[in-house]
Amino acid sequence: MTVLSAKNITMQFGGLTAVDQFNLELSANELVGLIGPNGAGKTTIFNMLTGVYVPTMGEIMLNDQSIIKKTPHEIVKLGASRTFQNIRLFKDLTALENVKIAYHNFIDYNMIQGMFRTKKYWDEEKKAQEECMKLLDIFDMGEYADTLAKNLPYGQQRKLEIARALASDPKVLMLDEPAAGMNPNETAELMETIHFIRNKFDITVLLIEHDMKLVMGICERIIVVDYGKTIAEGTPDEIKNNSDVIRAYLGD
Amino acid sequence: MNLFLQQLINGLNVGSIYALIAIGYTMVYGIIKLINFAHGEIMMFGAYFAFIAATSFHLPVWAVLLSSMVIMAIIGVAIEFVAYRPLRNAPRLSALITAIGVSLFLQNLALIIFKPDPKVMPKIFPETIYKLGEIEISSTTLITIGLSLFFMVLLDLYIRKTKQGRAMRAVSEDKDAAILMGINVNRTISLTFAVGSALGALGGVLYSVAYIQVYPTMGVMPGLKAFIAAVLGGIGIIPGAMLGGFIIGMVETMTKAYLSTTWADAIVFAILIIVLLFKPTGILGKNTREKV
Amino acid sequence: MDHIKKKAYLINTIAVVALYLVFFVLIQTKTMNNYFVGIAIMTCIMIIMAMSLNIVAGFLGEMALGHAGFMAIGAYASASFSMALIDSGLPLPQLVILILAMIVGGIVAGIFGFLIGTPTLRLRGDYLGIVTIGFSEIIRIFFINFGPTGGAAGLKGITRLVNFHNVYWVTIIVAFLIFTLGRSKQGRAIISIREDEIAAEAAGIPTTQYKVLAFSLAAFFAGVGGALYAHYQSFLEPSKFGFMFSIEMFVIVVLGGLGSITGSIISAIVLTVLPEMLRSFAEYRLLVYSLVLIIMMIFRPQGIFGRTEFSLTAFIESLIQRKNVKKSIGGGEAS
Amino acid sequence: MKKRVVSVLLVVMFTASIFAFAGCSTSGGSADVVKLGFIGPMTGDAAIYGSSAEEGAQLAVAEINAAGGIDGKNIELVAYDSKADQTEAINAYNRLRDQDGVVAVIGGTLSGETLAMKDIMVQDNMPVLSPTATAVEVTQAAPNVFRACFLDDYQGQAAANFAATTLGAKTAALLIGTGNPYSEGVSEAFKAAFTAKGGTIAGSESYGTADKDFSAQLTKIKEMNPDVVFVPDYVQTVGPILQKAKEMGITAKFVGADGWDGVQEEYADAAQGNYFTNHYAADSPSETVQNFITAYKKEYDKVPNSFAALGYDAVYAMVEAITAAGSTDSADIITALKATDHAGVTGTLKFDEEGNPKDKEVTIIKIDGGQLKFDSTVVNK
């Protein structure tokens, strides 16, 4: 079953075509890697898929619903969430608050109830507290719940961002270079975590990565883009031996 | 038609002064991202020094202008050093509050030193009225517009052609990169304050000559208008400030002439709001998208 | 509500009531004369204004320099309403009239906050700042030219309904509501926009909606403050609601610490009482005031409290703990 | 730890301020000093009005004290800045009453601040004599509030009568400061009276309180080509207007109101040959006037304006009332004030039932060669 599909999406900035007729189909519970040299247009694709940019052309469907011209938060509600290449946490808030903010849509009380602190407020806040703590515990971050995000170690910040993305209960999780800046040990741990959450939450994962080891190690399918176009697609083994890919990475 | 041309000249006259003052706002903003609320007071003190130079020391015109500009350049640098430099890495709003504090301080200092009574600025420029058909232009108006334009061109050359000018542009573009390039950032910022304050002082002198008065709160309204002009043109962009100054001056005069005098200020603000809604970074501002 | 929270509620309630009783006794025994009561009332109103501005400046993190405009709308709307209500001859108790007037003032200001906020919140930072100045100036010029509310000469004959007792409790209620707002899901959403707007969107927060909400709420409470002001002064002049008044409120908020409600409260008290204490310095007092501003900002740029709140419970606990520490040291010496 | 220090400090500050509140109780007037309060703007845009009136008032106090005070008791004028702000004015008034224990108040200087304080003043039954607040409502329903100046409409009417009758003007243009109740009030009265006399209003232009550029308005007025231009505002606004009008070659006569007083000093050339209504004439042979002008010049090294003259008269009238009352009791002073008959710089001050000056003469002044010349007097009936 297709969860997320993009058909011929194109993004032009002025005269520059950053992404040219890109196609994508993600099935349920898949783990797909999106790779390509610097400036190939990977992040632009992400931005289109998550509503940050509106594609110049093309169609994107999430769970059989078009998400073209939908705002990022609407797309989150429809079931796709993401992380950022350069970590974007709410730095002056605690880890727990970071997660609670993304849990927003599942807390059910209105502003008046919140300001006057009715019973509903206390009940819902208690539920949110428990659920978000559970999520942090999955990432072994329970002990950091009350630490300000900016004071967390780098690896924990990356993990917190993934936890936050999961808090909105997505069908598709998009990770933008989750291993950037990590050492091999941390990367290995991250690989395990990604695998684990894919199975635990039964979701589709799309990830952009530079670290070939990580991509080759966990992805079932890999898409390679260069100059905004797909140049290859296939299993890790197929990609490894694809001459176009080698050329793109190493030059002629 | 003649009436219209006459009003056009009125507008140019006000606009050129706003433009001069707006440059100071925009230069400081460009380089340290601070709205220097005290700029209106710099202008006011500039006018007072010119007043003193002209009445107590009877200096010739060029010396009146020059002394006021030099003194205010020094004071501008001093203000930056004492009040703004310690806050360079503080949250921007704190620096803004400091600027408001400096503005209040200077205003009340002037009130104590010079008393609230408006002083009448002597006519430091020779007074004649030129007739162009039905239109009358006083020499003061011509000199005001001429001097403003002269200094704007001079500033433009300075910024584009000299080493210090290039350093200013570099620092306002990217402070960290400028440091790496071996630019003395502190000195460049001081220089910016000096130039901005000197032009502000000139604006103050011209303003006080045109409206013949010098008083402690004289900087508030033109300061606010010039600030609006700077934002309208795209704050941080020097040609933008000039353009904004002329637009505000013109709009203000034309509104008073043809629409409503009571609503003139409201209309100026309304135009600013409308422009910003369509062009959120001002007329000459570049729309920068935050990188995701 | 768990045990700790109950304790916090209890302590804070006791403190609020105790403070009120202190004032009550001082006023009843005339130890505190009308001069001080007047300052206390004005301080409470400024606290409300600062706290409401904190919703936009502190929680949402936007530079709003036109708060006086919303206060003016609230003041004029509530005054017109209460004057009409009293003229209609309905035998309502004064407190009821005041409450209704506050609600009217708040709602009208809130509606304007919504109308102004919707288009302008696309702008950011300094640009938003100047647009808010623009709107509040337009509002002021409107009232100068608007005949039915007295124009430039001002609106006269508003019944004085505000006294220290009602303004104190209104302030407490508003403080409570804004404090709880900051800790509700709506408040968290607003704060997340301050922290990182793009990340907030990506976390599923409808940022535009919450920005407008924050703006409208701030305007609502500003309107309530304006209503109190109108019914304390009994006379309204458009010139009061100028640019400098907005700046004054903004200064209070930044000085107290952006996002800190207790900071706003302390700062509003200091900055309202300070100029009064300096009154005998005549023309030097604004000089001193501005120097204090500059010096405080240089030495404490994040404001008195930064983003944290002063917690009475934590404070009491820290006092008790210190006592315990002292005891143990003392015990050590004895042995 | 640091945080705790800060919080302890804050709590200390907070409690201290509460104690400060409680601690300062009324100091009251000491036995040998009679305290009068004064309220007016001394900082901000309107600073000049408050400080001028205060200077006049202080001068009167100094003279009275030198002459032996009230029954041997010295007078002290406690002056507070209102910043032209209603809240400040109320605080200042409360402080005068509670902290300083003044027996009467000279003020407020501006109409707005006086109206803001009026309610409380009435409640307290405080004897109040405003030197310069001209708005009609200031004395309405306030048996304890009096004023020394004539009202806006009284003056506007006088100016219109003068323009139409003496100057024989058929058309008039108005230049009004919007946002300035004084300018608006006088203009309204002028308009009505001038039309009633058969004149035509060629048009009216206006400017905001902070405006300094009048070229657009004056360009239009020049086009209207009226016989007189009526500009009721204060010197610092009128001066530049006259100057600009002269530069632009407008030949119409300019007529103004008491706010013009002092225009001959700095703007003699521009004001040459124009007229305004005033409270007194500086070249009046009256000894009171001449003494006042000499003393003021000596004390402050400048020429007094009408604010100063009214402040001066207000103190004298108030002191006379206190002396007549023989006590500092509010009710007694108010009763005595009602019977005031004081020959001051600005003419004879008597009050009508409302507390406004009765049948006060309006003096028409002509500016001639840098001097204020007495032209005529007008009494509106």
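Note that the chains take the letters A, B, C and D in the order they are written out, and that residue 1 is the start of every chain.
Going forward, a contact is a pair of C-beta atoms (placed from the backbone, for glycine too) under 8 Å apart; a residue touches a chain by one contact, two chains touch by 3 or more.
This is a predicted model, so every value here is computed, not measured.
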Chains in simultaneous contact with subunit B and subunit D: C
Contact-graph distance - origin subunit B, target subunit C: 1
Greatest separation from subunit B - chain, by CA centre: A
Between subunit D and subunit A, distance of the C-alpha-averaged centres to the nearest whole Å: 71
Between subunit D and subunit C, distance of the C-alpha-averaged centres to the nearest whole Å: 35
Rounded Å distance, subunit A centre to subunit C centre (Cα mean): 40
Rounded Å distance, subunit A centre to subunit B centre (Cα mean): 49
Where subunit D touches two or more other chains, by residue: 42-43, 178, 208
Residue numbers of subunit C (touch at least two other chains): 141, 144-145, 198, 283, 286
Touching two or more other chains - residues of subunit B: 108, 111, 262, 265, 292
Residues of subunit C that touch subunit A when the two form their complex: 1, 177, 180-181, 184-189, 191-192, 195-196, 198-208, 213, 307
Sites on subunit A touched by subunit C in the complex: 50, 52, 71-74, 76-77, 81-82, 84, 88-93, 97, 100-102, 104-105, 107, 109, 111, 114-117, 121-122, 124, 128, 164-165, 167-168
Residue ranges of subunit C in contact with subunit B within the complex: 57, 63, 119-120, 122-124, 126-127, 129-131, 133-135, 137-138, 141-142, 144-145, 198, 243, 247, 250-251, 254-255, 258, 283-284, 286-287, 289-291, 293-294, 297-298, 301-303
Residue numbers on subunit C that touch subunit D, as the complex places them: 22, 26, 31-36, 38-40, 42, 141, 144-145, 151-154, 156, 160, 233-235, 237-240, 266, 269-270, 273, 276-277, 279, 282-283, 285-286, 304, 310, 315, 318, 322
Contact footprint of subunit C on subunit D as seen in their complex: 4, 6-7, 10-11, 13-14, 17-18, 20-22, 24-26, 42-43, 79-81, 84-87, 90-92, 94-95, 97-99, 111-112, 115-116, 118-120, 135, 137, 178-181, 184-185, 208-209
